[in-house]
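Several structures are given next for inspection.
Shared chain: chain A. Partners: chain B in the first complex, chain C in the second.
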Partner chain A sequence: MDRQVILEELKKVLAPYTVNKEALNSINEETSLTQDLKINSANLVDIIIDAENKYDIEIDMDAAEKINNVGSCIDVILEKMKEKN
Partner chain B sequence: MERRVVVTGLGVVSPNGVGVPAFLNAIQNGVSGLKFMPRYKELNFNCQVCGVPEFDFSDLQNYLSEVTYYGLKGSTIGYAIKAAADAWIDAGNTLDTDEIHWNTGCVFGNSVADTEAMKRVIDLVDEKQARKLGSRVVEQLMNSGATAYVSGLLSLGNRIITNSAACATGSQAVLMGYEYIKQGAADRMVVGSNEYIGPYVFGSFDSMRVLARKFNDTPERASRPMSATANGFVPGSGAGALVIEELEFALKRGAKIYAEILGGDTNSGGQKAGGSMTAPNPQGIQRCIKTALQNAKISGEEVDLICGHLTATMADKLEIENWATALGRRREDFPVVNSLKSMIGHCLSAAGSIEIVAVILQIMHGFVHPNINLEDPSPEILDLAGEKALPTQLIHKDINIAAKANFGFGDVNACMIFSKFK
Partner chain C sequence: MNKILDHLPYKSSFRFVDNILAIDENGVTGEYTLRPDAFFYEDHFPGNPVTPGVIVTEIMAQIGVVVLGIYFLLQSQQEGEKVDQVYPLLTSSEVSFFKMVLPGQKVTVISKKEYFRFSKLKCYIEMYDEQQELVARGMFAGMIRKLG
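Coming up: the complex of A and B.
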């Protein structure tokens, strides 16, 4: 799956947790979830659970620790989708 | 000079009205909020009637940020947020400011944390899916969930307390807030209580055989406090909230004042001398009422209205007897008494706060709400209180002093005295 497609889909996954809505429209791979989007760090687990459900994957705790910006989130999703196939 | 404490804001989620205007209209017109519950029939409960507020959960989007709203599931916290935020706005304040109100605290109580949220946890954990619970579950399982949400939304920075004293919880919360202001610990408090009756709590009471089971076909007739055909109580859900503040603080900010809190008391009968886990020791109740009057510096003669606990069980007679003894008033001399539970059932921990909102409205607007379903008063109660004290229709009447009490499992009592603000 194309990284840009996942990035667009991630906007929807992140939306309910994002305080800074304006920043959400212009996210790129460098966008930090907590710094730029002002997502409460406690909510990262909810985003992971939502992403697991959306892509039918399982993101273990080691993989989850790598997630800090949009790019690393896409990396982990792609990696887990690949493992599944 | 002694600090005086006044009521400046009200909010309510009641089975017979959500929001103060709807609730005021309902209690003046004797509107029942009790409904037949098809689910409870399926579950083989004896009682199949419940007090359910017409609460639109999505209305919370008008109060909470999208991030906070998303992931909030439980009705019990939802009721508390709605009631407390409405009271706060009614008192002339705004929500979610960056300014922290260091002089304002919150006492809000409940009986059990959200059983809807708890059920989901139990199911997922048992299915070995605990990892899917997410970050928003714990805050909704904690007993302090309601105070946590409310204090964050209102930016409160003084003491934040979650109290629990079964059916005395609501009155006790108001008393605690009053005492903190009186002592000078806070200038303003948001006080109240909330309760959600799901099938698990309901079923547990049903098994005790203390619920009304004879009026499943006519739910609005099921809750019959003080009636000869009283046959047990009807559980209900909801929340009530008040903003209370020190008089000078209220005057300085130009708040409108609804009523004054003169005093109160909370105690226990020690589960002795007739008292038990589930029954009150009469001495405890009488002491509680008398001490409340003393603290309020008024005599029993001055009470214009009793808003009783009066749940529609065998205990109603005992309660009227205790009021008569504590106030030193019987028969023709007994003050007018009413029970909101005739319309909304018994909202357990939320009962006290919803009923206190009704007390304040009766003082503000000069009326006594009817006791519905009291066409056949219990002969013993009639003998103690006399017919005139048991109104079945709305009475327009100036209420200067109202006494309110609630009594809970564990033999805990709470009594509050309110007056018109002069």
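Coming up: the complex of A and C.
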């Protein structure tokens, strides 16, 4: 799956946890979830669970710890999808 | 069951759990009786003591999230490891209130686990009064960690 496609899909996953819709619409792979989108660390857990359900994958503690910006989020999703196949 | 209460990090005036009635991996039920001499009644409101919404919220969080979180920590405890003190952080709560709670009333809190992952415990919590009427309900989440 294409990184750009996942990035667009992530906007929908992140939407319920972000107040700043402008920042959300202009995210790129460098966008930090906590700094730029002001998502608190507890909501990162919700985002991980939403992503697991959306892509039918399981994200473990090691993978979850790698997530800080949009790019690393896409990395983890692609990695786990590959592991599944 | 009430042994869990020994691990609660609060001191007297801010400890809002008397009894655990039931607890398992799916949730917890506990109760608390509001002390008529509690510090907040004198000023909230003068001559008309009513339990503040933040205190109702705190009672729900202590029984529904912190007690259940400690239960999970104790369960996952390795042999020889000690869980003395825990460090709970409330990360979000969205509460709707239905009835007032007055000094001396006993309330029962019922918490149902939504999930516990990556140290985050999310629960749907309801509070009932002695007439079995709904006082408040809402979704709570917190992070529970061991201290030190």
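Of note:
Methods note: the second predicted complex is superposed on the first by the 85 of 85 C-alpha atoms of A that agree within 3 Å, B and C clash if a C-alpha of one lies under 4 Å from a C-alpha of the other, contacts with A are read in each partner's own complex, and residues count from 1 in each chain.
We take it that a residue touches a chain if its C-beta (ideal position, glycine included) is under 8 Å from a C-beta of that chain, and two chains touch if they have at least 3 such contacts.
From a predicted model like this one, the values you see are computed outputs, not experimental measurements.
In the superposition on chain A, A:Ile49 contacts both chain B and chain C.
Of the two partner chains, chain C is the only one touched by A:Ala64; chain B is not.
With both structures placed on the common chain, the touch criterion links A:Asn40 to chain B and to chain C.
Across the two superposed structures, the residue set of chain A contacted by chain B and also by chain C is 40, 42-43, 45-46, 49. Across the complex, chain C meets chain A through its residues 91-92, 115, 117-118, 120, 122, 141-143. In the complex of the two chains, the chain B residues touching chain A come out as 65-67, 70-71, 131-132, 134-136.
Contacts from chain A toward chain B in the complex involve residues 16-19, 40, 42-46, 49. Of all residues in chain A, those touching chain C in their complex are 40-43, 45-46, 48-49, 61, 64.
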